[in-house]
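So, here's a batch of structures to check.
One chain, subunit A, links the two complexes that follow: it is found with subunit B in the first and with subunit C in the second.
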Partner chain A sequence: MKQRIPIQRRIRAGKDFATVLPALLFLGLFVYYPVVQVVRISFTNWNLINDNYSYVGLKNWVWLFQGSGTKYLINSFKVTALFTLGELSITIIGGMIFAVILNRITTSFSVMRALIFLPKYIAMSSAAVVFIWILNTQNGILNFLLAQFGKAPVNWLGDKNRALFSILMLTGWRTVGYGMMIYIAAMRGISKNYYEAASIDGATKWQQFTQITIPILSPTTLFLFVTTFISAMKVFQSVDVMTAGGPYRSTEVIVYMIYKYAMEDFRMDRASTIAVVFFLVLLAITAATMKISNKRVNYDA
Partner chain B sequence: MMHNIDERQQALLLNEKSIKKRKISTGIQYTLAILVTIFMLFPLYWMLISSVKSQEEILRALPTFWPHEWHFENYKNVLQRANFSKYYYNTVVMTAGILISQVVTGVLAAYGFSKGKFKAQKFLFLLVLGALMIPLQVTFIPLYIMFANWKLTDTFLGLILPEMVSPYFIFMMRQAFLTVDDSYIEAAKLDGMGRLGIITKVLVPMCKSTLITITLVTFTNGWNSYFWPKIIAKNEVRRVLTVGLVHLRNTFAGLDTMNNHEIMAGAVLSILPVIILFFIFQKYMLTGYEKTAMK
Partner chain C sequence: MKKMLLLTAALLLVTGLVFAAGASETKTASTAPAISYEVTEPITIEWWHALEQQYWPLVDEIVGEFNATNPLITVEAKYIGNYATVNENLVAAHAAGSGLPALTVANTPYVAEYGKGGLTEDLTPYIKATGYDIDDFGEGMIAATSYEGKQVTLPFLISTQVIYYNKTMADKEGITIPSQITDMDAFMKKASKLNSDGTTDRWAIIIPGWDQWYFEPMYLNSGVKIVNDDRVSTDLAGPISADLTKKFQNWVSQGYTYWASGTSASSNMRQNFVDQKTFSVIHTSSLYNLYKGLIGDKFELGMAWLPAGKTKISEIGGSVLLIPAKNDQKTKNAAWVFLQYLIGKDVNMKWADGTGYIPTRNSVLSSEEGAQFLQRKPAFKAIFDNLDEINPRIQHAGWNQLATIWKSYLDQIMIEGADVDTNLGMMADEINEVLADSE
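This part shows the complex of A and B:
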């Protein structure tokens, strides 16, 4: 009797473990193992053109940090940072403005909100080809509309000072509705009492907005900031479809740089090195944002 | 007494004023909201009407905001000549594969991590969460080499395998299962139900809305995926819609505006299933992101 219980318990634990085993095996094989591999490849001279490879020590790392790769890495981080900043501003500021405009509980407003949120679900590649057509220099509708105000045609995607901005238009179109939905959900949770008390004290609508709404929404803003930050760092699709990193590397974000070295130049060694750097940066950002948000949560509680 | 009436009149007057003020602000809000909606819908509208225009009409110097003639054969051309019917088939099979495997592995693992009990449970769950921080953009190089060695390029298996397990799915489902009281599970056990019975007959029905929401997210992510399919299935045989659409555009890239009407038809075709789902399951698709946000 005494021995049967542990055995039964062990069988039960084994069966419970079996339910998580498939997931763990897959994550091990297709997520964790490749991370180890990508670090390993960064110390080799692996390219897909030769069959063999050998370990070359820090050669790729020297290339990336003290060689001809350095300026491209710096460029890519700069472009990615600019893009991230742009997407953050559109999602947070634009989302907040849209939320204020669309926060009303009627059927027509909920239909409008759904339509504004819809672009989030449109495949990036489809949205990108639509924007390429809208931004077309000769026949694009945007340049046509601008011409009505006497503006000369703008080369939206071919001008190195504008291309990133054009990509941000597309990105912003897809994410601003997301920011709006998140803000509206949070605004609904704010007690009416705050506003009533404030208006009795004679606070204007604007004062109420800046002194009640925005501070109360700061955890929501932080949430949007963190999630948007991480996803913006990983941008690839819009760049790949709209500009392919050009013109003159002006839109070559970090993931596009990795992709180009790996899939176009077949330099798996160099691409892996950049990928490892990118991974470390992502981890650092995640850790930093987690620390900030933990502090914030405690502070509020 | 006099004083009292005076106050009341004043209040009434103030009320009238504020009602008027409120009416104006309501009017402004409606106008702004409608403008914002039109602005946001314009790209979709432009895609739709461009997709039915003729080649001549689309290249006119003076763009038409409503097509003069309707050319639905653009769609036929895209499906047949540009082989979008093939891409459709590939996308459907890939998405179905990803969906089924993510639901099965996700629900099972969510059960184990919420209601199961085994050694190193916490640590293993941390491993699942850790996987959330390792994007495909970091691991695709070794994955590609591995899959090329396994001869999985341009195959369905190659498309599906890396997406078969979603840590996000496991995490969200586990959160939902945790809210189910253990007494339900004890009762089911007394009825002689095994683990699979408890999962399919107790937990899943009780967490139906979460499951639907996450499954819809999985579907759209699978349907819209681009990065990995572009790497592993470049060629016609297993090319999916997202990649095919960009391919269609690039084959004409040198000619610039030549076939934008057909590209737009392709764009409409590739987003159609997701849009239909969006309108059917609006309730779930709108709250999906909020739920994750409130976490």
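This part shows the complex of A and C:
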């Protein structure tokens, strides 16, 4: 038999819903509506300029998965995955190393921490312009320093095997301090009792680090992993300023690919198709990460 | 979580099925043009430009003069960024239908896309209604600024491809810029200096690979049809194109030249020329003043026409002016008044003197004013002697996509030494698909 919900509870539920309604409307208007529009545009031939367009069925999808778009999509996913792997490694491993080294409460260490964290405050576009000049083949300071050791100049941004690495230099310079600060904050929350007990049991510093620090920091690592993963997958500005996707598409990450088709080639239809695929991939990977992490992350600390 | 995923998937599926059916739909059509082109009441309008900081005093002077002499119209000049940034902002504002400038510059290759997409106001009725004389522009300029017979834009700051060379070095070593592509081999050997270990001490010329506009005339003059007459295919994988591409590749591998590609390629190339690490460079005539300033007294700057093949044409570069079609008629009328002023003969000469752009008016080019201009900038004789050879750019809605693909493959061929025939074949397949899909 169906139970009747008391009127007071219904009113309370209605009030609760009313409080979240503005946020839902905002989300619907500025998040879900554009997503639906992007999906719709992927089935049209809209070029962004023309007011008129037609629905073309699966034409753009066929171009992306069975036409000339396939190899560029695969290339961009490969480039994006490599970049993401690089940024994740720098942020998590680099951040952890710096956190362990600089986790001291003295003025000199505070200054060093500030110096490492400072680049995070510099606008990416400005930093990218500076790095273009640092990495300039002929007049860059990096090649000048290499020349002092008798090394030939390196084409940092013009060589397809080095260009992505060069962008990662900038990324690492900006993000390693962020990873460090997050880890230091988390490390200071770990009770000293764990380490004292481990010392009494004869555990070495390394054993304490691997058996206590790393497991207890796993929620922090998960946080850094998810946030860095999403931001790295969506990298655009540094690529746009430093290489414009080149040389010959070797740094063409997914978001830059979408931008190029939409804004330079006037193919909003194709850009939307790539955007939908990218959205689904991001959604699937994030969901999978959350599911896997539920079993492996230790929230006991 | 599972429910959310299912909900999202269902939403995407339903949306996809609804719109995948091949139905046809159009957005609201633009409003019909008004009849009057008069400015009858005070109005403030915005002009978007791409003139960098060194030109702002000139912009202020020219806009200030207009504002002083036109009490009903106040113009606010706004620097947006380079041509690509102007394009992004303009297209976004057009799609949104708001935030449009009254008047804007646009790089010449965008004319076809903008014209086809209805972004630009057709200026033909304005020209007729106000009796504006556009015949004083050369035929090439008129063709370059119109789309399918409609005058969708008008010439503003016009440039073309040229070779800048070190005249002091040329006189001293007896080097001349070849007039024919077939003479390029001999020129490359004579003008370059190679070290005993095979490295290059001085390049003969630097070829800009970052923009296909610079090497395009060499292909066109050799007889390559970049877009065939059928408008859906390219001849870029044909034997003439392959031969020329192999020539370029050979010059690069020999160390006579390098293929300047990437984000710093333009500034590096300029610096190499100033540092006399290269005898010459291919660049736009609009940078004449900049080169002059950078070189100073180091050496004399020469300017030459690109080597010819079957023909000796070059292509129009620089920018045009356009009025966005979605503006209201009052704004369009004010913009039309300001546009006429900006491209007027006197103001055009100010632009030509203050920048490196070419005077656009026939009445200037073939008159005493033209002669005086040449006295001030003698290197421009190379352009004045070939004015009839400056042609409009290829107009095709898929042009930007074609250019991206072409540049990318040539980069690979020149920098990696990839096989020419194989790569040009793959490139042509991609370009043909793009052309067919865009036409």
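In this section, the second predicted complex is superposed on the first by the 258 of 301 C-alpha atoms of A that agree within 3 Å, B and C clash if a C-alpha of one lies under 4 Å from a C-alpha of the other, contacts with A are read in each partner's own complex, and residues count from 1 in each chain.
Operating definition for what follows: a residue touches a chain if its C-beta (ideal position, glycine included) is under 8 Å from a C-beta of that chain, and two chains touch if they have at least 3 such contacts.
None of the values given here were measured: they were computed from a predicted structure.
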| message | Do subunit B and subunit C fit side by side on subunit A in the superposed arrangement, or is it a clash? | response | clash
| request: Figure out whether A:Phe229 sits in contact with subunit B (first) or subunit C (second), or with both, or with neither. | output: neither
| said: Contacts for A:Tyr248 in the overlay, against subunit B (first) and subunit C (second): which applies, first, second, both or neither? | reply: second
| message | Let me test your reading of the model: by the given contact rule, A:Gly177 touches which partner, first (subunit B), second (subunit C), both or neither? | response | first
| Looking at the overlay, what does A:Asn139 touch: subunit B (first), subunit C (second), both, or neither? | both
| Taking the superposition as given, does A:Phe83 touch the first partner, subunit B, the second, subunit C, both, or neither? | neither
| field | Contacts of A:Ala13 with subunit B and subunit C, given as first, second, both or neither | value | first
| message | Going by the contact rule set out at the top, does A:Met290 touch subunit B (first), subunit C (second), both, or neither? | response | second
| For subunit A, which side has the bigger count of touched residues, subunit B or subunit C? | B
| message | After the superposition on A, what does A:Phe266 contact: first (subunit B), second (subunit C), both or neither? | response | second
| Which of these subunit C stretches, 19-27, 91-99, 181-189 or 415-423, gets into subunit B when the structures are overlaid? | 91-99
| So which bits of subunit A does subunit B touch that subunit C touches too? | 32, 48, 132, 136, 138-139, 241, 263, 276, 283
| message | Residue numbers of subunit B touching subunit A in their complex, please. | response | 29, 32-34, 36-37, 40-41, 43-44, 46-47, 50, 58-59, 62-63, 105-106, 108-109, 111-113, 115-119, 124, 127-128, 131, 133-135, 137-146, 161-162, 164-165, 167, 170, 195, 220, 223-224, 226-227, 230-231, 241-243, 245-246, 249, 256-257, 260, 263-264, 266-267, 270-271, 274-275, 278, 282, 285-286, 289-290, 293-294
| remark: The subunit A residues in contact with subunit C across the complex are 32, 36, 39-40, 43-44, 47-58, 63, 67-68, 132, 136-139, 157-158, 160, 241-244, 246-249, 260, 263-267, 276, 280, 283, 287, 290-291
| What residues on subunit C touch subunit A, complex-wise? | 1, 5, 8, 11-12, 15-16, 19-30, 84, 87-88, 91, 94-95, 113-114, 116-119, 261-265, 268, 271-272, 397, 400-401, 404, 408-409, 411-412, 415-416, 429-430, 433-434, 437
| note | Residue positions on subunit A within touch of subunit B in the complex are 12-20, 22-24, 26-27, 30-35, 37-38, 41, 48, 98, 101-102, 104, 109, 112-134, 136, 138-139, 141, 144, 173, 176-178, 181-182, 185-186, 220, 223-224, 234, 236-237, 240-241, 255, 258, 262-263, 268, 271-272, 275-276, 278-279, 282-283, 286
